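Each of the two complexes below includes chain A, the first together with chain B, the second together with chain C.
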Partner chain A sequence: MPGEIVLSDHFVLVITILYFLLIWAFYPHMTGRRNIANLFSNVWPLLALVIGQMFVLIVGGIDLSQTSIMAVTSVLGAMVMAGRFDPAKFEQNPLWGMVFSEQGGLLAGSGWAVPAAIIIMLAVGVVIGFLNGLAVAKLKMPPFMVTLVAMSFYSGLAIYLTRSENIMHLPDSFIAVGKGSLGPVSSAMLIVVTLAVLAFIILNLSILGRWFYAVGQNVRTARVSGVPAARVVILAYIFSGFCAGLGSILYSARLEAGRPTLGRNLLLDVIGAAVIGGISLYGGKGRLLWAVYGVLFFVVLDNSLNKMPLQFYSIDIIKGGVILLAALLDSLRTRIAARQTAAGEIA
Partner chain B sequence: MIINLPDINGRIKMNNKKRLILELLLIFVLFAAAGCSRKDKEPGRITICFAFHDLETEYWVAAHKAITETLKARNVKVLQRNGHQDANRQLEQIRDAIAQDVDGIIMIPQDGESAVTIIGEANKAGIPIGVFNRPPANRSNPALVVVADNAKIAEQTVAYMVKTASQFNRKMTPLILVGDLGDQNAIERRNGFYNAVKAHPGLFKEPIEVPTKWDAATTLANLEAALQVEPGVNFIFTSSDFLYPQIKAVLEPLGKWKPIGDAGHVILGGLDGDSTAYMLMKEGYVDATGVQDLFFEADAIMDALLGAIQKGQARPEKWIQDPGFALTQENMAEREMDMWGCRILKQAEAGKAQ
Partner chain C sequence: MTEWEIEFDRISKSFFGAPALSEVNFSIEKGKTLGLIGENGAGKSTLMNILGGVFPQDEGTIRLFGKKYSPSCPADATDAGIAFIHQELNLFPNLSVVDNLFIDGFPQIGKSPFIDKSSLQKRAAALLSSVDLNISVRTPVEMLSPGERQLVEIAKALSRDARVLIFDEPTTSLTTTERKHLFNIIKKSQQQDRTIIYISHSLEDVLELSDAIAVLRDGCLVSTGPGREYSVDRMISEMVGRRIEQMYPLRSTTVGSVALLKVEGVSQPGIVRDISFKLHENEVLGIFGLLGSGRSELARIIFGLDSCRAGRISVTEQDITSSSPVESILNSLAFVTENRHQEGLLMEASVCENLALPSLREFTRFGPARILNRSRMLEFSNRIAETLRIKSGPIHKQKVKSLSGGNQQKIVIGKWLLAAPAVLILDEPTRGIDIGAKYEVYGTINKLAEEGIGIMYISSELEELTGMCDRILVMSNGEIRAEFVRPDFDQEKILQAAFSGRAGYKADNG
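Then we have the complex of A and B:
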């Protein structure tokens, strides 16, 4: 029975529920309406990023550039749609007068401003993802190196484009994408659930999904079996870039600004949530449900640590410890599964 | 690819699942009973969330210490939250604190723009909020704000350095260590530097900018590289005093770490007013440093916030200005005790003596 729970797909969910209940016993505000709303509003944008990261992890890669894609798309989107630019802050900017001015961004005031900005943010994410994938799949560069350099490059680019200034005065209709709701359902939830459904269809109901796993498990075998491995890897990075663009839309909207430093410290949360969910850093293993559970646990953990009268450094130590524990559990689960499979074969 | 559970016996497996669900339900009921019988808040005791962006310099460490210790001494429960220089994380932390029904919030925001959004969240919840040292980008949402005039303090400091430089009757090569330009204070200090330098175009060559990202290792590497390219630098302004050890580490091997009055002395200045700057001014290596009145700022924000909580004000608004000043070799004898770094050092020395 314990082995069965540990091996279950729902193990992280069980742990999350037990942990939530434990914290609830000490902090009744955990189940307060406002706190539950906080929990979910924190889940959606992070989940968008983790879903993208999951695709790259499944093919045996890693995308460290997600947060810098967020930064660069955040400022590009804002440059298109912002309603006003403060001359004192932006007059020295090389793009002043060409891309934006005191009267606003490129399409300020137009009905197309928000849709165009959103399309540009997603498209730029896709293009950067494509370039990352190309470097990994065609130039055979290590994913760690490619995306680390991309992280540095695009973070710098975001700072350069804005001279490190945040862009405010985003249209209300854009802010509503991250903070608004349709009846009781938040718009962020609608967007990310749609993304999750798309990811589920790709991974579980399409040939492409099988190719992702095949490439992650053994790229040579996949290639011999006729899987277009390079194209599959490029697609994984493209999807990750797309998800980063989507995450950027949600985070920029909730912070009501285009920010060149957006997501600067979010990478550990993204990879941590993926690992906690059980998505393997070695490739070939990962499920949408695991990503959801990983994000849920990570957000509940974060939320609960914020409730406790802990020293600020203890919070970081605990979070780091939990991610490490999750990585250890992942290896324990793999070992138990291998032992059970071996036992089954002998029987 | 996916871990498959060995399907040994379907019935046993189903019974186990039912047992697991029952056990979870039992645990849920037990915890629910325990949870409902407790309250988060201690009655009669004020709870304040102190959310800061990070503690990367002596200034922030000293401010953090002053605020937390004073609040504890006033029997206030303090929830400390470190945003790690991430505006979104800070927003989430403050939303969590609001959900916990804290009585007030003191925030050192990551930047002025995120401060506006976060103040809006506190306003919506009817919780008074105080902003320490980094002002919101606009006044659209009411808050208690204490802020130093960084541009003016930097300008005053560099103006003294300019006055010193003008005595040499030669064109100077100025260099500025620029902070992380994602931080409004870094931008203001840079502006103050340029205001002072550009007022004397005949005295200076084009200033050299060295990015530091508020990081010691980055500063060391970038400053070394800059001085290799332009070894004639003889006028350095650091946007934060915590970078003096790196300046010394680069200048000393080049034979340029000389006290005032020696041939080859590099005119040095900074901003913050920490203990390192004080020691270096006393030893005669640093010409001037801009001082923010840390203790005034900390006391002012705490008094204003606690006052608002006691009066039951949900959205108090007040901007408190810390004019700061430039501590120079000329006014050091009279004004050194106004420098927080000097006071901290003297308090530590007095503690040791006892």
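Then we have the complex of A and C:
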């Protein structure tokens, strides 16, 4: 029955493999060692963001501010740990001489610089997520509006703080977080797999996970049943902010810079991958495996498009089309499922 | 010779091999009213869906006005002159009455795309007066009471000049006055020679309105005939397939002396005023009131879903006056909400997940990590499902939304039993479920009371309260107006108290 295949958990993985094989026929170097390594290096940071986004989507919200959280944390982290600031670029900056100077960032040279920067980046993500969650859960503002405004605000802030300059000269030990590896295992992989395991435990094994789904499916029933709904929603946004901070660490390390425009074009990738994976924009539905499959498909698609002789704008057009198809598939899936239960109900 | 409006000729339908209707065979006379009754799942909805073009029958034919009738979509049924007045109303709450009436065909100015506003107003006003509804046509539907909405829906059906009207449980959310009004309109339609199919669990209503009765059970027609040949007893025994001797079970324990729930002087402006009462061990305390009397609002305040300005509420000597639902539950309070779809259940989730939701905290391990102990959760949920005889597939897989209304309601009650409450608040626990399921729910409530739980029982069905309760408090306009103790339940006096203090009380009474 075609319905069964579309509803299957592994549908997206099957599609990804079929697509990969198809492209492989035309571009044999898809399976080259360098390309595979490149492919996976793109998977990890995106997966971190999608996992965070998934928590918010499950409680029936959306977090558009993730990419701006990345930008602002990237800049703040760099201000703490960068080894040198170019006076030509930063002398006019309001923070010049207070937070950083030609001799580097706030803690430049100290052994604490990198751990402190990492903690600050994560903490800022958590705080921004907390504020988003508070606005949604306590002030009852629409998530779309709250995080859209946050997106605009924090990306503006990141540019203001740096006067739109990239902060270079990050310490080597920080760059190793994004680029280093332990034998065949990259450190990025290690970090994101740990995150994924944690997310799996929360969603599938803990009470909190049941609460996330309950709030997303029907917040009124959840409240009556003793689920601390406001706290659960706030936690989802905190988790999303934390993941954005983590993504920021991985991307900043790879790019070896604190960038005020970090993640600028990433939002569609994040939400696209989540939707392709099957995480519902209507709330209450989503699994870790789906996030992984969604990211895999998205990264394979991106990789293959880059192999083709295409202009950058046609890549965007194709990506947009694929996400639209995924959204269509989502509503199709909902319909098929609804029809199956409707029939079952009457019988 | 009798003229038949609708003839069902050996209609059969099955879903995935499970028969929902088998060879249903009966006819409805032109201009008469047929009462269609049966338990949930007996096949009433399936039959009406076939008539309404939602899906086709597998076998058999329908003849409408003597002609073969096979609709392929709901619009075909509308065109053929069949109108549904649904249980869940199909109106747009944000639009005005007039927009709702003409949403599928605004009168136009000539052939232009512009709406003919003046004729619109006039036709809408005429339609509303035909159902004796005295409101402005510009009123948004969300401002109307459930009864008024129903009348708008009927007016909409009349606007299409429907020859056949189908009422599916029209009285569930109506007040007594609204019900009377609805019946007048139905009788008016009867005089205008419209054919009516009236579906309801309220058997007295069916008897009052119908010229003929058809009883369905398990997808088969049990009997059909003129209404005068039927009594409520006969209808029940045919629907259930056995006789229910004692609808309301007898309790073996007496009311205890320990007050479990104490409510003292609770007030919230515009909602409730100076409410005080005590609920004891082993007691079933009924709260009777009309829609808008504050009975459900009081329950919400006690449970902590809404707040109150003044007063004190305590459960087993613990103050819970301004506590959240979470704290109320931790203090052994439980609340079966009025509307199971909106507040009672997670329709997409499994039976087990729903049963365990309020007591998830009980099934943890590894301390603060609060990891769920699934096997224990499943074991306890299974025990509840067995005790309440919830008919379902494997409870960790079966989704709640595919169960019948009665089984869903049992889950709403069952989810609180896992939490072992001291006080259980029930708000309309038997609404929209069939007689067999009602009987089982009554038995469950009785058993809980015997175990010592204090039960606050809110209902708009007086008979149910007089059958089940030890004591009944009557609310009106947000106040407690009277108290009745078993065995001095006088239905007339209770109703009088419920109507007292209402605007138009005299009119209601006279």
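Heads up, the rule we're going with is that the second predicted complex is superposed on the first by the 338 of 347 C-alpha atoms of A that agree within 3 Å, B and C clash if a C-alpha of one lies under 4 Å from a C-alpha of the other, contacts with A are read in each partner's own complex, and residues count from 1 in each chain.
Heads up, the rule we're going with is that a residue touches a chain if its C-beta (ideal position, glycine included) is under 8 Å from a C-beta of that chain, and two chains touch if they have at least 3 such contacts.
These numbers come from a predicted model, not from an experiment.
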item: Fit or clash - chain C, chain B, common chain A; value: fit
item: Chain C versus chain B, contacts on chain A by residue; value: B
item: Which of chain B and chain C A:228 touches, first, second, both or neither; value: second
item: Contacts of A:284 with chain B and chain C, given as first, second, both or neither; value: both
item: Partner chain in contact with A:218 - chain B first, chain C second, else both or neither; value: second
item: Which superposed partner A:206 touches (first chain B, second chain C, both, neither); value: second
item: Touching partner for A:263 - first (chain B), second (chain C), both, neither; value: first
item: Partner chain(s) touched by A:14 [first = chain B, second = chain C, both, neither]; value: first
item: Touching partner for A:194 - first (chain B), second (chain C), both, neither; value: neither
item: Arrangement angle, chain B at one end, chain C at the other, chain A at the vertex (C-alpha, nearest 10°); value: 130
item: Chain C versus chain B - closest C-alpha approach in the superposed model, Å; value: 6
item: Contacts on chain A seen with chain B and repeated with chain C across the two complexes; value: 213, 217, 284-285, 341, 343-344
item: Touching residues on chain C, where the partner in the complex is chain A; value: 14-16, 18, 20, 45-46, 49, 303, 305, 324-326, 328-330, 335, 337, 342-349, 353, 356-358, 360-361, 363-364, 369-372, 399, 401-403, 415
item: Touch list for chain A against partner chain B, complex; value: 1, 4-5, 7-9, 14, 17-18, 21-22, 24-32, 34-35, 38, 41-42, 159, 163-166, 168, 213, 217, 251, 254-257, 259-266, 284-285, 287, 302-303, 306-307, 309-313, 315-316, 333-334, 337, 340-341, 343-344
item: Residue numbers on chain A that touch chain C, as the complex places them; value: 201, 205-211, 213-214, 217-218, 220-228, 284-285, 341, 343-347
item: Contact footprint of chain A on chain B as seen in their complex; value: 1-6, 13, 16, 19-20, 24, 27-28, 31-32, 34-36, 38-40, 77-82, 84-89, 91-93, 95-101, 110-114, 116-117, 125, 137-138, 180-182, 187
